[in-house]
Amino acid sequence: MAKLHFYFSAMNAGKSSNLLQSSFNYQERGMETLLYLPECAVGDAPMIASRIGLQADALAISTTTNLFETTVHEQEHRFSRLGCLLIDEAQFLTEKQVKQLCRITDELNLPVLAYGIRTDFQGEPFEGSQFLLSWADHLIELKTICFCGKKATMNLRINESGQAVRSGDQVLIGKNDHYIALCRKHFFSTDRLPESVFLGIKKKGVCEAT
Amino acid sequence: MAKLHFYFSAMNAGKSSNLLQSSFNYQERGMETLLYLPECAVGDAPMIASRIGLQADALAISTTTNLFETTVHEQEHRFSRLGCLLIDEAQFLTEKQVKQLCRITDELNLPVLAYGIRTDFQGEPFEGSQFLLSWADHLIELKTICFCGKKATMNLRINESGQAVRSGDQVLIGKNDHYIALCRKHFFSTDRLPESVFLGIKKKGVCEAT
Amino acid sequence: MAKLHFYFSAMNAGKSSNLLQSSFNYQERGMETLLYLPECAVGDAPMIASRIGLQADALAISTTTNLFETTVHEQEHRFSRLGCLLIDEAQFLTEKQVKQLCRITDELNLPVLAYGIRTDFQGEPFEGSQFLLSWADHLIELKTICFCGKKATMNLRINESGQAVRSGDQVLIGKNDHYIALCRKHFFSTDRLPESVFLGIKKKGVCEAT
Amino acid sequence: MAKLHFYFSAMNAGKSSNLLQSSFNYQERGMETLLYLPECAVGDAPMIASRIGLQADALAISTTTNLFETTVHEQEHRFSRLGCLLIDEAQFLTEKQVKQLCRITDELNLPVLAYGIRTDFQGEPFEGSQFLLSWADHLIELKTICFCGKKATMNLRINESGQAVRSGDQVLIGKNDHYIALCRKHFFSTDRLPESVFLGIKKKGVCEAT
């Protein structure tokens, strides 16, 4: 009966806010929630925080954590009535871990809500997202917009000078503001990005070096 | 090109949070937003606030406000680059006002995001929602859950003693906590509601009189 | 566990094809299906037929048919393993009948798939659709297009001369070809309809009188 | 403005019917359509056919066909007003070809509707689907059901004796009936499949050898 949901979007769409709201909803109805955060996305402390100002403690997981066993253990030791498992930055999960989420859903009958972006700054799929997109029961897009007003689906990495970065490591976490969500057309033609985009980012304390 | 979106859900799903997040997203990308709130939903001040702790100023509108003319006026006098119109508690709009939202979308080419519940505490459609469901370009459900764990789609009104209210005025605003979101099955059989539901509500400062 | 689904679209999107495909899918998996068709949509025989060439027998229902009791009766007398109830032209149902569909879903635990258009040729909601939009567990849009290439959401009635009809009875059935699916913008400005639209219709044997 | 849509489902949900209906809708509104079919899915002739009895000619493409250039060429030489590109069995596309679909959408401003299954008989993603899931503008699920009545999301391969096949080549085309759509739970526990599932298949002329 329980389902595996994958909420996907471009960067800065409000995934963490949505996750925290869902967690809040479960708690309000008397059910407890368990939150996971991949350790490569953990900054100073394992905490899921949204740009808009919300936050909650999470359990840091590594790429070798067995999510099924961990969930069984947590469920037995910490919770009286666990209603839902929520995972932020789920693009960083491994194939094996997504399989474990399927088992949590099907065998423990526990709803799983995973949140993540589909592709990296080069447009390549993340491992976690690839398998969530393949196996999740429900795929739900959280919409956000490109500076042009169209829906954003891609994630551009920019350096401190506001220039598009086209090569480098896939993972460079904890610096959300170095990414811009763009529609596919603008993602592939960054030379046409208007100055206003970078001004908008500067206002938020990014690219101060420029 | 612009579209009229209707985000609907049961009570306490996180509609206002979602609205505020969308408004934030537009602003972050350098576009301004205009927020409307029906005056019957205005408490001490015209403000859209979410249970989870977010809020923003809104323009109070009455059932006689011409939303098209008001939007044209606001757009000309207040905004340099208006990117989106957002309306909370849109179930309280009139048929005429939903038509005006269609014109804002089609003639001003301004995206409109309306948020509301579909039905009242007796299960009857609200006027605003009825026409938004009929005319919106996109219907998007924001999911929340019944105490039983199933999706909630109905809104039960309860009195200070925690008893289901089955008759009375459709509009009784500013007291969110007197409503419980339920699945349709439990909505029609409130006698089976477990004590835990009311305990959960008491914790939040509702039903203190019990 | 069973759900009430409302598949809505503009005219000529392929609702009947989709219904017949779903019915076929259930049968292929060893489950039987029950098909209802409002009698005002019945032509020479109670049959659900798609423009693309598919068809199946259905049970004609009137506005006074009790769908709950009829379904219980049919289930007991005709089917060994009823898997699904499907209703075409569901916009013609009454409020009471949509409530009966809710009971069929919740009390008989039988999935219900209802198909219909949202609004009539004047843009006004149909009774059945209004309550299906308000109470269904899932709202799913079947997309079709306006002659301009945008999504069509409205239904224009045209007379034999290819002129838009703006007044008259809501129900005028059995003559599908007298309707054109349009986007909202073109629905409200039919004077701008290109000749090609009517040529397209003439080809199909409509408007021959022109 | 044009969008890349990916319609995904389990086997035997009605993808080809849906594709043919969409093509029909475009044609009915005076727009022509171009249909592609990967050659590994071509039987006696390049034709998209649905189990329910519909069919249409398609252009066979190989894994080395440049879809962008082919589409430009076809558009110039065959069509007066090309409204849409439709691709069946899109799971067989290569990463490069999905990129070409993005360019067709963005640069030619031509809507693309791709249809495919997400995973193979071992539950592994197909290359085409993986990149369509990652890059498409809209992901739309076409629902079908497991024999248990739950939504089917996985595809089991069975041999002539009706036994689950767990190893072998990913591609084994033209023999639709050797696959069963199952929910994830039953996919991973085929020993519990009821006899009725195989009977249902036998009726359709599959598994005659049993």
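Note that the chains take the letters A, B, C and D in the order they are written out, and that residue 1 is the start of every chain.
The working rule: a residue touches a chain if its C-beta (ideal position, glycine included) is under 8 Å from a C-beta of that chain, and two chains touch if they have at least 3 such contacts.
Here the structure is a predicted model, which means the values were calculated and not measured.
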Q: Treat each pair of touching chains as one step and give the shortest count from chain B to chain D.
A: 2
Q: Return the chain whose centre of C-alpha atoms lies at maximal distance from the corresponding centre of chain B.
A: D
(Q) Counting only Cα atoms for the centres, state how far chain A is from chain D in Å. (A) 29
Q: Could you please state the distance in Å, as a whole number, between where the Cα atoms of chain A are centred and where those of chain C are centred?
A: 39
**Q.** For chain C, residues contacting two or more additional chains
**A.** none
Q) Mind pulling up the chain B residues that touch chain C in the complex? A) 102, 105-106, 118-119, 123, 125, 129-131, 133-135, 137, 139, 141, 151, 153, 184-185, 188
Q | Complex contact set, residues of chain A against chain B | A | 12-14, 17-18, 20-22, 24-26, 28-31, 50-54, 83, 111, 144-147, 149, 196-197, 199-200, 204
